[in-house]
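Shared between the two complexes below is chain A, which has chain B as its partner in the first and chain C in the second.
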Partner chain A sequence: MSEILIIGAGPAGLSGAIACAQHGLKVTIIDEFIKPGGRLLGQLHQEPSGEWWNGMKEAEKLINETKTLPIDIRCGVSVYNIERHDADWYVYTNEGVFESPYVLIATGAAEYAIPVPGWTLPGVMSIGASQVMTNVHRVQVGKKGIIIGANVLAFAILNELQMAGINIERVVLPAESPISKKESNPEEVLKILTEAGHLAPSALLRNGSKLMKIDSLRRMALKYFPKGGMKINGTPLQLKKAAIEIVGNEKVEGVKLATIDSQGNIISGTEKLYEADFVCIAGGLYPLAELAAVAGCPFKYIPQLGGHVPIHSKNMETPIPGMFVAGNITGIESGKIAMAQGTVAGLAIAMASQSNAKIDEQLQQALQKVEEVRTKSPIQFIPEIAEGRLAMERVWEKESNRGELERVIF
Partner chain B sequence: MTRIVHHPILGSLNNRQKFSFVFNGQELEAYENETIAAALLANGIRTLRHHEESGSPRGFYCNIGHCMECRLTVNEQANVRACLTTVKPNMAVQSGKQHPNIVKRMVEENE
Partner chain C sequence: MHKDNTIIICRCEEVTYSTLQETAKLHQCSARELKLRTRAGMGFCGGRTCRPILDRVIEDFIPNTTADAIPLKYQPPVRAVTFGTVGGSND
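So, the complex of A and B:
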């Protein structure tokens, strides 16, 4: 039995493990994937400073550090239930039941799907799937691709695909449907893109992003948006084209696109079939939080964090005794933030098990580090992320004022 | 499909152990430490199963274990996710097939 069980060996889980193992706690990390590192493994981009963020190397560094500490990493382990009895957590997996007084849930995020007719055809995948196939498994996803959905994640991964020599023909929007909301509206998409910083397509959006925050200018930019699209390192971003159907017999053969107006309405008679052998759907990310729900943790819906998130304090504790959270499960941000939050959670757990002034000092520094990383971040997946974090702080305050008695209900 | 052996930043992949495994009775080549989904795609195979009810072809969608679209039968164990399972020498992999739906057929016949 370990003293802390961490679910998820990504940036948050690994950093959390290192932080509490440095204070002598015995840690077990479990993860479903074939190797540790989580979504760090696929990340590869150049920062505005010119420095490269090579997630594979970052993961390696963390994994090497865990080897010097009492940390056991178990891959290929899937969790299907979690329960608390007396003072211990029981985590049910395909490899048996893990028992531990503390649990850190660092399960990361999942991708929102944007169902488009024909999206179950082989060759259609989430944008994240193409990243993993390219940078982790090093297998080409196809010869001619179309990305449906224009957001920060899509552009980051488009860049990675281009680096690996994968040909993306165009980036288009999903046609309007009850599920695709903002993603189908060129005006809304342009608003989001102005927050994409150096990842934004073309110098006009990058340098003009401050101007583009002005509504009237944005509308004008859209009116004169080139029909063929705006090139992103060779790939046209077509804000006025929407995917209405993915077609193919047995596998993807092409995508039917239509021209749309600046509100996303389809202009009839403009449908045309474009050839492709793979399609990536980019719907954005949401916190992968089912396990916290199964454990009975209360949730709050905060759109600025990416959706429903388990209620948690700045120290990453939840209202449930012995349960902590860190990383994208608490809100959609970069891997760097996940690492910083993991350290906070690890130290908070160390504090909970053996409170002392030295750990507390480190915890305060780690909390500061989270803020620092966020302020320095050149891009944000969700522009209003700081508001989202504040909203959660207020929720936590209320939660802690509710008193122990009421909390027992959970 | 082909593999990305050389990468300008991530470097080249060399000296990887090769072995064979079997998919639907066909012998295919795989590399050590890769998933079944990656090995199949590298062999040009996108269709991992046919939907149990409709029979429509399906491939991997999320590639990280969330969507359950890539489930296969591996060494007689059903519902194994191809994207989370490391391929092993001589592994016997079988794609999922459409299930007979007797009730549906009966309804169709009586229409």
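So, the complex of A and C:
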């Protein structure tokens, strides 16, 4: 039996493991994928400083570090249930039951889908799937692709696909429907893109992003937005085209697009079929918190964190005894933040099991580091992330003041 | 959006938007009842693809879905496993 079980071998899980193993705790990490690293494995981009962020190398560094410590990484292990009896967690997997007094849930995020008529055809995938195929498995996704959905995640991955020589013909919006809301409205989309920092699709948006925060200027920009789209390294972003339907017999053969106005209303008679052999749907990310929910953790709905998030403290503890969380399960942010949060969680667990001044000092430093990384972060998947974090801090305070939080039923 | 609302929401169980809409209207049901009546979100993937969309759709159909509670409860098993694994025989 290990002293701590970590679910998820991504940036948060690996960093958490290293932090608590450095204080002598025996750690087991389990992960569903065939190799450790999580979403780091797919990441490759240039930072505004000019430096490259090579996620695969970052993952390798972390994995090498785990090898010098009492950390056991088990891949290909899926958790289907988690329960607490007396002082221990029982984690049920396809490889048997794992027992541990502490558990760190670092399961990351999942992608929002945007249903578009024809989205069940082979050749339609989430944008994240195209990233995994390209950067992890090194498989060519197709010859001619269309991305539906314009957000920060879409542009980050578009850039990676372009570097790999994968041809993306255009980026368009999903057509307005009861299921797609903000993501179908060019004005709303432009508002989000102005927050995208160096990943913004053109110099105009990048340098003019301050100006573009002014509503009237944004409206004007949309009015004069080029019909053919704005080029992002050769791929046009077409904010005034919407995907009506993905068509094909046995697999994707094309996408029916229509011209839309600034509010996303379809202009009739403008429908036209564009050829494609694959389609990536980019709906953004949400915290993957199913295990925390099964364990009985209370949740808070905070859109600025990406949706329903398990209630947690700054130290990454939940109201459930012995259960900690870190990484995107607590809110959608970059891998660097996940690493910093993982360290906090690892140290908090070390504190919980053997409180001493030295660990506490490291914990305080780790907490500061999270703030530092967040402030320095060139992009945010959610522009209002800091507000979301603050909202969660208030929730935790309120719940703590309700009393009895200290290791009792919530 | 197709005029006839035949767009599939739950891919595993092939449940369309109009089926969800009609069922919600006819039975004035809770999120859970809507799921059980249509099987939306109950397929092989365990709702990992359509759950957030179902949550959205349900909020549109059924008012007073409380904000903080997750509309559809998560229940084990959260991954597809064999009866053998759950039962402990591990064949």
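List of remarks:
By definition in this document, the second predicted complex is superposed on the first by the 404 of 410 C-alpha atoms of A that agree within 3 Å, B and C clash if a C-alpha of one lies under 4 Å from a C-alpha of the other, contacts with A are read in each partner's own complex, and residues count from 1 in each chain.
By definition in this document, a contact is a pair of C-beta atoms (placed from the backbone, for glycine too) under 8 Å apart; a residue touches a chain by one contact, two chains touch by 3 or more.
Computed from a prediction, not measured in an experiment: that's the story for all the values here.
When the shared chain is aligned, chain C comes close enough to touch A:294, but chain B does not. In the superposed model, A:140 lies in contact with chain B only, and not with chain C.
Shared-chain residue A:96: touches chain C; no touch with chain B.
In the superposed pair of complexes, A:78 makes contact with chain B and with chain C alike.
By the touch criterion defined above, A:14 reaches neither chain B nor chain C. By the document's definition of touching, both partners, chain B and chain C, reach A:110.
When both complexes are overlaid on chain A, the residue A:120 reaches chain B and chain C alike.
Of the two partner chains placed by superposition, only chain B is touched by A:33; chain C is not. In the superposition on chain A, A:128 makes contact with chain B only, while chain C stays out of contact range.
Applying the stated touch rule to the two superposed structures, the overlap between the chain B and chain C interfaces on chain A comprises residues 32, 78, 110, 113, 120. By the touch criterion stated above, chain A contacts chain B in their complex at residues 32-35, 39, 44, 52, 54, 56, 76, 78, 110-111, 113, 120-126, 128-130, 132-135, 137-142, 163-165, 250-251, 288.
Listed in rising order, the residues of chain A touching chain C in the complex are 32, 78-82, 92, 94, 96, 110, 112-113, 115-117, 119-120, 175-179, 245, 286, 290-291, 293-294, 298-301, 307-308. Of all residues in chain C, only 1-2, 6-9, 11, 17, 48-50, 52-53, 56-57, 60, 67-70, 73-79, 81, 85-86, 90 touch chain A in the complex they form. Touching chain A in their complex are the following residues of chain B: 1-5, 7-10, 13, 33-35, 37-38, 41-42, 46-48, 51, 56-67, 69, 83-86.
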